[in-house]
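As written, the chains take the letters A, B, C and D, and residue 1 is the first residue of each chain.
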Amino acid sequence: MVTISSLDVFIQVIINGTLYGCIYGLAAIGLSLIFGSMQIIFIAQGAMMVLASYFTYWFFTLTSIDPLLCFILLLPVFYALGAIIYRVCFKRVARAGKNPTLLLAFGIMVLFERAMALLWSPDTRSVTTDYTTMSLSLGNINISYIRLLVFVIGIAATIIVFLFLKKTMWGKAVRGSSEDPHAAALLGISPVKVATLTFAIGISLAGVAGVAVAMSYPFDPYFGFIFSLKALVAVAIGGMGSVGGAFIGGVLLGLFESLGSYLISSGWADAISYAIFLIVLIFFPEGLFGRSAKKV
Amino acid sequence: MANEEVLRLENISKSFGGVKALNNVSLSLAKKKIVGLIGPNGAGKSTLFNVVTSFYKPDQGRVFLEGRCITGVTPYKICRKGIGRTFQLVKTFTSMTAYENVVVGALYGHKLRGKDAQKSAMEALELVDLADKKDVVTSHMTLSDRRLLEVARALASMPIVVLLDEPMAGLNPTEIVKMLQIINRAREERDMGILWVEHKVDAVFHLCDHVAVLDYGVKIAEDTPENVAHDTKVIEAYLGKEAVKR
Amino acid sequence: MEKKLLSVENVNVFYGDAQAIWDVSFHVNQGAIVALIGANGAGKSTALNMISGFNPPATGRILYEGKSLNNLPPEEIVNRGISHVPEGRRLFKRLTVLENLELGAFNSTDSRKRMKQSLEEVFRLFPKLEDRINQPAGTLSGGEQQILAIGRAMMSQPKLLMLDEPSLGLAPQIVELMFDIITQLREKGITILLVEQNVYQTLRISDYAYVLQTGHLKMEGRGEELLADPDFQKTFLGMVY
Amino acid sequence: MSKQPFLSGKKGVLGVILLIIFLSALPIVLEAEESYFIYFLYISFIYITVAQGWNLVAGYAGQVSLGQHAFFGIGAYVTAMSWDAGLTGYLDPVAMFSSGAIAALLAVIIGLPLLGKLRDDYFALGTLGFAEILRVVFIQGKDITGGPIGIMLPSGRYAGMTPYYYISLGIAVLTLVCIWFLIRSRFGLGFVAIREDEQAAEANGIPLLRSKILAFSIGAFFTGLCGSLTAYYSFHIHPGGVFTLTWGLLPLLMTILGGIGTFWGPVIGAVLLAGVFELANMWMPELHTLISGLFIVLVTMFMPNGVVSLVKGGDGPPFLYRIGPFRSLFGQSNTGRVSDGAYENGAENTIQR
């Protein structure tokens, strides 16, 4: 009996890890897109997520709009936010090289975090809907509907971004431009337009991830930074600039962490993911999936 | 003394992803001599330089400096052992003055200290006629001056061998003449050999004692400039087959 | 008198503070192959980058079909009908052959019909490409990549095609093929501005050539005239001895 | 064009000496225990030191570290733990020096893989990851580190503001003097060469890894010293306090604000930002935290070369001017322009439009 129940726990740990990893994956896709085409490490991605979480919270408590609806409501808002951030801030710094863009992203992160702390107080918030506690039971294993939903949305977002990049002209332009911006410009593809589009999509994905966070975890204004780091870890695992790789990287990271907390201790989860990050950075600079994953 | 060998390359091969950038290339350079290395774009000239300075590790073959094998030694030690170089795309330290650039070569390239380093740097600057611009910040210098500065920086490390990677690229005719004078002066004043990659064939022929021709990573000729100029294989590589048939 | 499609008048071009082109004028007649030749650093590629809007001239004029191109953004210049095949091909190696071609028609995607038409035209010119449409461009051989680069530039249905060193790094037989392709394109009515280091073959196929040396226009003339000129042989081929 | 606005020649040295004397005399004139200004200077000196430490690595050697809080934290913990264990005492110079030294040692150990293998952004993220790991290690350190609660030190030993003021002044002066001579030595020249062009630096005989580690560990040493003093000041050391990203972020902010890669940039940035923080804290405590974020954004957008670049009169070369000891022989320097236009903005810019 003991062995069976511990097997159940083990499976539960794996499922939770996978689902948790989906949120990392979502944030990582956006980060990976932005990095792939502009070489900008947008460390404020997590702050953008938390902003979406606050919007969700706000809508829910003030107008009792269902968080599910926020997925759709917030998309245009974050799309525009991304475009504005690129046009106003990054466009003029992009030429200055990598370090200034990283610093600028840092500044934006701090600015947003502090602004949120000011507007909504630094207290921890959470969104509790009627279905928050409902879960699907399979024998001894419980999967919360919300986590399942996040999983589905994660997969769906990955597929949509994937299809966009594969099938649409603009998607192809983004891919081409990230490989050789000069050649793309020679064909009449404006680098600024492509960059704006990429940024807007990247931030939209952060918005989606943020709604998912609001529905499944308590959050505070400073909660995002850890997500930025985790998303970066995911991107590093999956190989910089690879959309599919970033998502899989996120899921793997979720799994590692969840297994790490189960097998060692939950306090070490963060250290484990950073250690993985360092190891991947140093020994697999192309990411775990190497070149083949880089194709998309 | 005249034929004292300073640099010898033995059967160097180097491939990048299946493409042989260098195929079994051997070369020898003596003190006070200039060997020109010519060949069409992509013939492997720059790859050869990067192998000699250890930025690339050869798949095969060895590099000897004054008879000692230096293959696989880290680049900074290569410089300290006596190989100085310039780059095809000028790589000066842009926020430093001309003098500071050159003193780097003396301090680090030959581990000179204090007054010795100053003296070596100033001598090198004087040799390339840049002494009067020693305090000009490099980012404000013309391309020609920056190319000369790179030569001076290499000379300040008291090299036994200097590799010049297309020192004429982007210079106008007057500047080319000046560069030629300075390369010649460097040869006469210093006890060293010069290996010189160049696209401007006439310039190379003007000064070199020997010219080696690379084509698709293979050394297709090595001889005096006169003989190389009339070598059908060389003409073919440069002008295409048709020109020869004509 | 033939019609001038492109004329460049007394341009001076800078790379940062280094002047790359000094008071150069040349023109390209409708339907001709015109070559710019010269050694590395002579300013040939700079001239093409100037025309395609990446490095506009500090002074002087560029006229195309009688209208000024000065200070137009690169995408607008593509729209006017000038395509630039850059040195080193610069394909999107991770994208497929088809995707590369499609991006060539990026600015004319408003009509699917036109895209299809362009594709058919390119496949008619280069049937080999059609067999490989789903292959990543990076897996093609050097010659195929060059053909794809030309095909990609043809997708915008240009009137003027600028080719920067199309024979660079190709094996000798492929080089011949490349020059055949260029003559073929001319027969299709496309005007060609060719930058090359492969002097003999370039002069053989071109109607007129300009020789650049360190940013200055050194001489000009018809191919055979230049080849016969001892001065040309001396200064350009560098075989002084 | 003013070339060297500060400390040019004997007058400058004299000015700095007078300033130090003035600062030393301040606690006598002002009531040290009550004066807010003394506290302000104390915190400014710490900021100056930490910023200058980061500037050496990032500004001169070009290796942007985002993990300076690791060294700050280590410095604080070494001091706290050794005092707690009775090995050292209150405001013990040996403890302070050891704290710095251990931080420097740590920098060497992690510098080997990080500086050896990673470049640019990757190095920045690597240091960030390392610092975060260290924080978790100290949270999880159980009895050895005191866990998340940390270590309580005997606060009854507090000896008043004056010793802190002098020690922090001493550390800042020490840092500035060390770095002043360092960047004028061949080491400083090597750092700048590496920043400008790694390949050319290597081809001219500069050992890349060794030089980078040197800069990294010297920066860590001074940061560790500040951590140590902070441990003595706050009497309560916990991971959330000393391993906080703030200590990684502040030096970066101040240095960039003042002028990265310049000697006086971090000093000006540190004092300026400390002033802004303190004033904002007094007048509009709510908005104070927002301002730092806004500062980074605006500064990186509009003044990538920092305040110092303004003082220097526009677009002159923002970095190292000349190498002191070598310069004297050849008389005064001249940075006159040879031609107009910035060469660096050549080809890339035309593509970006």
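Here is the rule we use: a residue touches a chain if its C-beta (ideal position, glycine included) is under 8 Å from a C-beta of that chain, and two chains touch if they have at least 3 such contacts.
Please read all numbers here as calculations on a predicted model, not as lab measurements.
Indicate the lowest number of steps between chain A and chain B, counting one step per move to a touching chain.
2
Among all the other chains, which ones are in touch with both chain C and chain D?
A, B
Farthest chain from chain B, going by the mean of C-alpha atoms per chain?
Of all chains, A has its centre farthest from that of chain B.
Would you mind telling me which chain pair, B-C or A-D, is linked by more contacting C-beta pairs?
By number of C-beta pairs in contact, A-D is the larger.
Compute the distance, rounded to whole Å, between the mean C-alpha positions of chain A and chain D.
33
Measure off the straight-line distance from the CA centroid of chain A to the CA centroid of chain C, and report it in whole Å.
It comes to 43 Å between the two C-alpha centres.
What is the distance in Å between the mean C-alpha positions of chain B and chain D?
41
For chain C, write out the residues touching at least two other chains, lowest number first.
17-18, 54, 73
List, in ascending order, every residue of chain A touching at least 2 other chains.
182, 185, in rising order.
Residues of chain B that contact two or more other chains, please.
142
In the complex formed with chain C, which residues of chain A make contact?
So the residues of chain A touching chain C come out as 169, 172-173, 175-176, 179-180, 182-190, 294-295.
Okay, in this complex, where on chain D does chain B touch?
Result: residues 186, 189-190, 192-193, 196-197, 199-208, 261, 317-323, 326, 329-330, 333-339, 342-344 of chain D touch chain B.
Within their complex, state which residues of chain B touch chain C.
Touching chain C: residues 40-42, 142-143, 166, 168-173, 176, 199-202, 205-206, 225-226, 229-230, 235, 238-243, 246 of chain B.
Which residues of chain A touch chain D in their complex?
Those residues of chain A that touch chain D are 41, 89, 92-96, 98-100, 102-104, 106-115, 117-118, 181-182, 185, 191, 225, 229, 232-233, 265, 267-268, 270-271, 274-275, 277-278, 281-282, 285.
Along chain D, where are the residues that touch chain A in the complex?
Answer in residue numbers: 58, 64, 113-114, 117-118, 120-122, 124-126, 128-130, 132-133, 136-137, 139-140, 245, 249, 252, 256, 286-287, 289-290, 292-297, 299-301, 304, 345, 348-349, 351-352.
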